[in-house]
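Chain naming follows the written order as A, B and C, and within any one chain the residues start at number 1.
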Amino acid sequence: MTPIEIAEKLCTLCQVCVKKCPFDALSMQDGKIVVNEKCTACGICVRTCPEKAMSLRNLPKKAIAKDLKDYKGVWVFIEHSDCKIASVSFELLGEGRKLADKLGVELSAVLLGDATERMAAESASYGADTVLVMNDPLLKNYRTQPYLAGIVQLVQKYKPEIFLFGATTMGRDLAGAVATKLRTGLTADCTALDIEEQTKFLKQTRPAFGGNIMATILTKNHRPQMATVRPRVMKAPLKDAGKKAAIINETIVVSAELLPTMIVDFILQAEQNAPLEDAQIIVSGGKGMGSAKNFDMLHAFASAIGGTVAGSRKASEAGWISAAMQVGQTGHTVRPRIYFACGISGAIQHVVGMQTSDIIIAINKDPHAPIFSVANYGIVGDVLNIIPQMTKIFNEGSGNNESH
Amino acid sequence: MIFFLMALLLHIDIVSTAIDSQYCSEKVTIVHIVVCLKQVPDTTEVKIDRKTNTLIREGVPSIANPFDLNAVEAALVLKEKYGATVTVISMGPPQAKEALRRAIAMGADQAILLSDRSFAGADTLATSYTLAQAILKLQDAGGVDLVLCGKQAIDGDTAQVGPGIATRLNLTQLTYVSKIESVDADGKHITVERKLENGVEIVRGNLPALLTVVKEIYKPRYASLPCLIESLAYEPVVWNAKQISADSSQIGLEGSPTWVETIFSPPLREGGVILNPGDENYDKEFSGLIDTVKKIVAEERSKLVCS
Amino acid sequence: MNRIEFDVVVVGAGPAGITAAYLLAKEGLKVALIERGEFPGAKNVMGGQFYSYPMRDIIPEFWEAAPLERAVSEKQLWLLSRESKIGFSYKNPQFGAPPYNAFTVLRAKFDRWYAEKARQAGVVIIPETLVTGIIKKGTQVIGVKTGRENGEIYADVVVAADGVNSLLSKYAGLHGEIESRNVALAVKEIIELPQGVIEDRFQLEKGQGVTIEFMGEFLKGMVGTGFIYTNKTTLSVGIGCLLSDWVDNGVSPYDLIEDLKSHPVVRPLLQKGTVKEYLAHLIPEGGYRSLPPLYTDGMLVTGDAAMLVNGLHQEGSNLAIMSGKFAAETILEARKAGDYSARTLGAYKKKLDESFVIKDLKKYSNAMPLLENNRHFFSTYPRLLSDAADEFIRVDGVPKKKKQRMILKGIFKRRGIIGIIKDALSAWRIVK
């Protein structure tokens, strides 16, 4: 059985579907359109078939429809290290709150660890109605196996309908294992979540194909509906220290001898060694910088704001930055929170490597430079004046802008 | 004369056995490594048709998922060290043989393509089932010590299939591995470095294990010319659903709980405020911009400080 | 380790190389085709006109299966002044039907398809491999070295089809660095537009296309042309000028394309299009006088590597295919004779000489030097012509007779009667 049904009577073999399939999953063989293993049932062929000859096969109704109703509530996995909750977990509590309100159900924080009291209270102050806690020395540091066992134990007992994780190394490591154990659907790296009004399904929207397309995905017949959510996409709610939550303590049933891994050591990464893809603030220079010496300005600015210096292909070819720090089609694709494009004209080859940055600030003499058409802020002026000016502002202000 | 030759041959035989056993006694810890590899469209080449919101795939080459090639390289390094056999498996249509040949050119010993129309429509859950069934079959045929995957595929970016396989086969799950430090002499443990957001974690895990690797682990080698030419004629073994004893309710569309509801293209990025030093509101807009930057800078700084 | 041996090694999977490899494999020879790109076509950016002849002799009715963009049924030449144009056009609907005259193609797709045909015929295509040297025994080329480990590969004969600035020819000592006046730098952008919009805008029948060449002031006095080719859902827009001119004038190719694109009569053709790609490529346009030696003991040189390009008519891939075909024929003859020395391989040059390939190049052999020394063809005359047309067409109360006098006066003022006569003679010499 293939996911796509083709009404052969209607099919004119025009092969529009073959061309439109993003996954290379359709081909013409022996005078017929055939669907191969690469098909993801995305339905693009169904939508683009000019003859309306294609349809998606209905999902098998095997899933236990009556059981779905037993699953209630929205859960958020609280990620932490060194007793500090990851900011993505707060963002998820904010998003989970909205979903729970739309469904009229409770929002629960799921907290596994050792000595978790303070973090439980903090989860409450960010909006959780309930905090499910598992305290055990085995859970002190994150490891896949005990966390997997603990979470599965909780899900089987309390049956949430939605379960959200941060799309971090920890969240992805855990969610992938949990969803497999529970044999349920998991959508990775979501950037938007919503509830479908009639069916109450969780609408999970995520980028695919290196950000070229977005897909909205549903888990119709399995529960919980699981998703990992990209950090810094959702907004964290304001903290309300007065808000309290019901704390439910559970004991994990797992024995230490059975654990397959042991953490030997952890080496905290020095800031300046962070690879370009992970940099959250990037100061990037192009041909307009004029010389290697002028790049010193960018380094000074970057160190004032805790940024990483990168450059365009022109800058890399001129030897002003190393090839490892080149952004664009032939270099790295970056997605920082702020991208400063200094003296970069904005050739498409460069833009494809940085267009998904949260904020793009472009500085260029030429008011017609294409970079301005993708920049959130465009400063028309000489980068060699503006950068030192900004560096000065930040160096002066560094004392009093740290408080929050 | 003949006797002499026989003696000589025998001698050679003995010598080579001696070398083998010496090699073995020290290092036979990892015997069989399986690498999972996916053929993907080169997403850096994909363009969007803005009118119909679909991808323009015409002319976009299919390539071996780059992270999976890092995994192949890691397997080959272990092969050189421990004399292990490297098997590469992939789920896909016959065209995916091309990606498997690439691994063969690099030095993998054998390649298996899991190909069956009924695998179509699989999400990560069904994919991990299919791959796990194939690995089970290899396990039955003589054991698998290590399964290696790339950290994620560049077309889906889910990073879910690796953990899925580990969970199904009860393998020790070690994701985002940037370095394999050592394998214990008894062949029971492996120590690796995991690359996390804020540092590197060193973990010792039981074997058999499943590792997903990041690109820092090893750069895929450039195949030698004889290996490359040999790989061009290599025919991977093909297994269908029946040959991996797949349960039809767990593969393809039927085995996939997730359902693609819609696909659309992301909104075009648009230009924002243009600040011109000559303009009246320049100073005001400039200081607004500085405030925005300050806020983010402060947030980023606070992340680095451990409370 | 066993030596890697083939009957023939072809270096470069473009039209010349694929043709030679395909034809030889069809005759049962063991052929290796080495390509530096990830796949054949990956490194190819040719302007996009592809003539039906002689491809149709090699794969009959190739248009049924090959990925082609549009059948070119119209050619236009536009002379641009700063704000206006004079256009010439030849349209023949017969060109839009089999056997066709020319197509627009995107070479990345076309070469891939053509190479697949060769692979099916038995050619071993070795991708992502750079040839780093040749192997010689005495004066005889007996193989090539590649950048891969254990990368030597031996053959009875080597075909160099590795494009402009052929490394193989250099390794074999057939020529040194190419002079920048013998090569043109072409830059182009691929601009995306819906299929229907292209057909409406350029008044095309479905599936048919037009090529437009531009000359005029936007070239800033350089020897070259601009162009727009219509593909299925894209336009190729670009400029090709002598490399020496780019260098001497210090003009940025990117800026020049922008100038062309924003020209008042060109802009409407491109409206609402989005730039998909920007590409640059060298084209050997030195013509007959720049031809390097085309063969040596154990090696033949084909296509762009042999500088077989007719710059004036913008023919290149057809000459490449022709040369690939002749190379294959020559190699089969040499195989029969069991001799791959220059003496036998010389038949290749003879075949080229007797065909339209060299005959055409010879005919235009004076063109490049003349055009190079007389830049009026690319800037002054388009300007003069458009001024004349403007004067003649504009109704402003000046009597027509007076207008004619003014036009002639204007022309002679800017070029002088002697100059014009000289130019006319040159032009005649080019095309005679």
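As a working rule, a contact is a pair of C-beta atoms (placed from the backbone, for glycine too) under 8 Å apart; a residue touches a chain by one contact, two chains touch by 3 or more.
This structure is a prediction, so every number in the text was calculated from the model and none was measured.
Chemist: Measuring from the mean of all protein Cα atoms shown, which chain centre lies nearest?
Modeler: Given all protein C-alpha atoms shown, the central chain works out to be B.
Chemist: Select, from all pairs of chains, the pair with the highest number of C-beta pairs in contact.
Modeler: The chain pair sharing the largest number of C-beta contacts is A-B.
Chemist: Going by average Cα coordinates, which chain is farthest removed from subunit A?
Modeler: Relative to subunit A, the chain with the farthest C-alpha centre is C.
Chemist: Can you compute the centre-to-centre distance for subunit B and subunit C, using the mean CA position of each chain? Integer Å is fine.
Modeler: The separation of the two C-alpha centroids amounts to 42 Å.
Chemist: Counting only Cα atoms for the centres, state how far subunit A is from subunit B in Å.
Modeler: Taking the average C-alpha coordinate of subunit A and of subunit B, the gap between them is 20 Å.
Chemist: Determine the centre-to-centre distance between subunit A and subunit C, using the mean Cα coordinates as centres, and give it in whole Å.
Modeler: 47
Chemist: Would you mind listing the residues of subunit A that make contact with two or more other chains?
Modeler: Answer for subunit A, listing residues that touch two or more other chains: there are none.
Chemist: Residues of subunit C that contact two or more other chains, please.
Modeler: Correct list: 276.
Chemist: Out of subunit B, which residues touch more than one other chain, so two or more?
Modeler: Answer for subunit B, listing residues that touch two or more other chains: 47, 58.
Chemist: In their shared complex, at which residues does subunit B touch subunit A?
Modeler: 39, 41, 43-44, 46-48, 52-55, 57-58, 62, 91-93, 95-96, 114-125, 128, 154-164, 166-168, 172-176, 191, 194-206, 209, 248-249, 252-254, 256-266, 269-277, 286, 289-290, 292-294, 296-304, 306-307
Chemist: Where on subunit A does subunit C make contact in their complex?
Modeler: These residues of subunit A touch subunit C: 347-349.
Chemist: Write out the stretch or stretches of subunit B touching subunit C in their complex.
Modeler: Its residues touching subunit C are 47, 50-51, 58-59, 61, 63, 222-226, 228-229, 232.
Chemist: Applying the document's contact rule, which stretches of subunit A touch subunit B when the two form their complex?
Modeler: Residues 1-4, 19-25, 27, 34-44, 48, 57, 59-60, 62-63, 81-82, 84, 87, 143-145, 148, 168-170, 172-173, 175-177, 179-181, 183-189, 203, 207-222, 260-269, 271, 278, 280-281, 305-306, 329, 333, 337-338, 352, 355, 359, 361, 367, 372-381, 390, 393-394, 397, 401-402, 404 of subunit A touch subunit B in their complex.
Chemist: Of all residues in subunit C, which touch subunit A in the complex?
Modeler: Residues of subunit C touching subunit A: 254, 275-278.
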